[in-house]
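When the chains are written out, they are named A, B, C, D, E and F in that same order, and each has its own residue count from 1.
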């Protein structure tokens, strides 16, 4: 199969992360995976959810939303409907959980970091772009309050996410919308800078899969993660150095 | 008073309208009034609200939303809250009403045009930027379905909106957020290409005003409208010619 | 054009304000503009919204609702629908803002005054009747807690509101429903006892308007305001004397 | 015990039913039981709930609401809260069920009659006043569409409701709020013009009761019902004659 | 009329109460009235509703819900709809009120006992089964925190509930669904161990009723209550002895 | 580590599936994984979601809910809160997706099968128990409408789900609540009767994991799936034979 944009099966779309995209947020990026564009904004709030009050620990929480015309046909605003869809719930729980895995919540202290992921244009892979971009916004936000002090930096490791899928004739990396909508199996991978898995979510949308296909998806996905980690490091520049520092 | 950005009292901020900002929408712009940035997307829907069914007439409706970190402190998502604020209701009613004033709803036929105005960054004047930008997105959307035919073009006239306010020492055009938050009187003007008023909304936020101040605000506001109309025409280029054509 | 009820173009309908209409409220009126009837009840609450806590200042907030059969065809209860319409939001924000313009919120102290405006019968001009009647209920409520003390009375000036519109053949004052529904331009004016504007809201519902028509509407509207101020003063009797007193 | 208003234990408060209280409704009254005042409006809608579609039968449904300052302290609007309280649900179900018991739903045909009961002032007994008043509004609404034809009149019998309670020293009729709030047992009775029970709802609010007390409450309540039926007949005048007519 | 299951007119269905049905709740039963099955779980919460804070008194509150396939056709989940039906509100208010009548809220202290009544299968009489079963769960929950101390036991008396109805040919006890759906009159009775009434709710669903029928229903209902009280005592065994103990 | 109930690391808890648990549902089971108990009810509805209307294809949808005292501390009812939690959304989407993978939606025709999974007791693994039990209820429901005809049976393969986790000292099958709450990695596996994967969801709750641990979890999970498939077949008895039949 030749991909619409001529990519190899294990090739990412063009990825671009623009830092400081917003004027007011403590950290913010516009992340682009090809035509998929997501604004990720990180906000530091000086309080924590009730179950953490007095614990000395912080929290990271994410919200995700599609702009009405990010999609091919207009999707009705969740604010107009008065409630979130199940898909939105699922995605924002995933983003929050993924980011918490690389944050030292004790070192963060009793603060909440909110990641707002608003999809400007949706051409497949919005959740993986959101996680990958949010990581950069998160580092900027944490850095904005960390100063020069010698305490351990609360971001312990890098984190990126990518999708990989089984189409008719094989395994493909970073599916765009038209590929995604015909995929037999769809997998989202979240991995750390040290190559560990944080989330492995494989779903047989239009069929099932065996262990071999699973392994192939993990291999191809891992290649995508490595490319994304490189781009994050380049984008963060000198700040990359702080990630994982013990003080 | 010297303005923060050195503008004259009757000078607009730098205004920029980027057409075709989104890939899927029938018409879309990113409109910028200084640091205020709004994505306006126009969608054509092949149905009308119940009260127009069978009437042969169309409708124009608007929705408005602030991204959580468009503002200085994070504003809670209306989708998470489960309902729109009064401010949002007020603004989206204004945008819809304003745009309908220059649309020939009969010529449009039984279609609804949705204008989605999503504020990426809010530095004052989001509703006036939204109206001014939405007009351009609307023209593009209408044009996308009008083709070469000889029927009258459903957009009858140009339309722009601007804010003007009374500060301590006089009347100022196009208030940015820091000016707006200290304004004694705040006025939003919506006017057509032929210089007629569509909306005059003056509010004594921190004081009242007399007829003289009202007239001064109308004069200064009218100057701003003219500048915006010029920018819209330049942005639309050859398409400007269709606005108001009888067929 | 001869008006249905034989009024002159610049004549108000019969206006009647009945004080102490309810037994429990700190201030209450039934206000009638012809067949438009609104119950306005003022409640004093010993707390303020979060953004004013500890500020020493008070607040005035309004709620507005149509009884289901105040209108020609039954309107569905907002409580049954589970949310307010945009129109309701817009009107209750206007009423609250207008009343705050004549209240010295510092002199009031950390209290909230709620104005509940429930429309028993709606024949046009419900929002202007609500503002005009609420002012009287507000004065009664403030007076009920002010006693004989020598501090400045927190109500600084009188306040009334009126509608004025452009119909086919000219400008008319205080539109009833059948006039309002055919108006080309609809304007609501809120003014103080000293002749200052608080709100000027002119909307081209079925057409646009120029500066001359705007001026004519302001003139005719001002005449209506004066009539309403006279009725308020007569209704309040000796209590009128306290409005604007410095101590 | 001497009652606050000097009534005998088995005496109703002053009851007044004002017909045609609203201009637009098909039937409407203001019903007063002493200081308790309820506007009851009847609306005829040319459709029925889904479970009756095509059945040839009609329906009667009621909605009930307290105005915010009908009560001693302000009660929060259900529309603002976004949902009805359990108490409201319970009362509007009771009103609807009671009225349906005297309506020939087949004779009515596929129409819904809505009864909107809005409490202007609440001094105990709002649900019994609402039922008693709604009956009159219902007769007027049915009559408005029945004309001179010879079909059976869909209202089969009169209907009234009253409260009766056990206080410290005995059984009392038509409790006002101060009595109701100290009642040991509270009973609401709904009865027809022919002396049959429609609803018997006795609740031991602050204690229990035996068969003797139950019988005493039924006797005293029946006396109240008879007084209310007389007032309904007087209020309806010649129209009383149609109730129960077979054609 | 012969009943579907061959019962006499004044005979209960087979009643079974299984204690400690759930592992985590402080008290819980599965109560069965024939094919009607309800799980009743009692939870002790160390706080009270706002209106009781600091009063030293406790509260008892109930929630009621039908599982989607407890009924013949699937009923839509209230959680999916986003709000409770009026019927649910009415039933859970009844259950809470009934149980409070036999609890010494002062002796309970500032705690809330929640009764969760979840209907697994609904064949008529779910509210009466819920009250009867909840009483047993409540005793177990109270006992779990009472220990061996000598203070009065907060449960003052036994409590049970039963339905009784008028069908075509007479009065019947404990209606199953098919009987209930054709009943002319439907009555729910709640009575204490000492034979006092707590609630008498008789409703003419398809007709009205006179004093004689009312008395007959009370007699037959009382017989059902006695049978239920015997079963509760047997179920509770030695614990029965604590109910009503003064210390 | 010795497990609380003495199980081996790769041993399931005692699993029990009781068919025909409810009287009215087309298919229903009580499924028990140790102390985890879930009622699964299957309902056949003669319509499909809008996006399938006219397609000739059917749908399978699931709803999931915890009874308030299924958990150690009482969880607030989603119906009382007015909305579902994100966790509930996530689980019910998973159950529906999993079941659809083994249903031939074309063979089913334009019907929806609802699976209602209500958790009576929650001791870990509620979603895997719900999928495993729902499969059996689904087969019964499909069978109830399939009769003796020769068309292919719409259930194409068996389906079961199990959880597996990484604890301090290794990989464990079918975690109970106390194990789950301390797991470093938590994985849910859904597999078919022919050993294919439908869902692989591994989450690093308190740490990350590498490829070896992933493989170990897949192996142990596969053993659990096989045990569950055996129990399903035994429970379904002769009906097992129909699963996967081509006609």
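To be clear about the criterion, a residue touches a chain if its C-beta (ideal position, glycine included) is under 8 Å from a C-beta of that chain, and two chains touch if they have at least 3 such contacts.
What you see is a predicted model; the values in this text were computed from it and never measured.
**Q** Touching both chain B and chain F, which chains are there?
**A** Where chain B and chain F share a partner, that partner set is A.
**Q** Could you grab the centroid distance between chain A and chain B? Build each centroid from C-alpha atoms only and quote it in angstrom.
**A** 34
**Q** CA centre of chain A versus CA centre of chain E: separation in Å?
**A** 51
**Q** Report, in whole Å, the distance between the mean C-alpha point of chain B and the mean C-alpha point of chain C.
**A** That pair's centroid distance is 28 Å.
**Q** In chain A, what residues contact two or more other chains?
**A** Within chain A, residues 82-84 contact more than one other chain.
**Q** Quick one: ring order starting at chain C, direction chain D?
**A** C, D, E, F, A, B
**Q** In their complex, what parts of chain F are in touch with chain A?
**A** 83-87, 89-90, 92-93, 97, 101, 192, 195-205, 208-211, 214, 218
**Q** Going by the contact rule set out above, which residues of chain C touch chain D in the complex?
**A** Going through chain C, the ones touching chain D are 22-25, 28, 35, 39, 41, 43, 45, 63, 65, 67-72, 74, 77-84, 88, 114, 116, 118, 120-121, 123.
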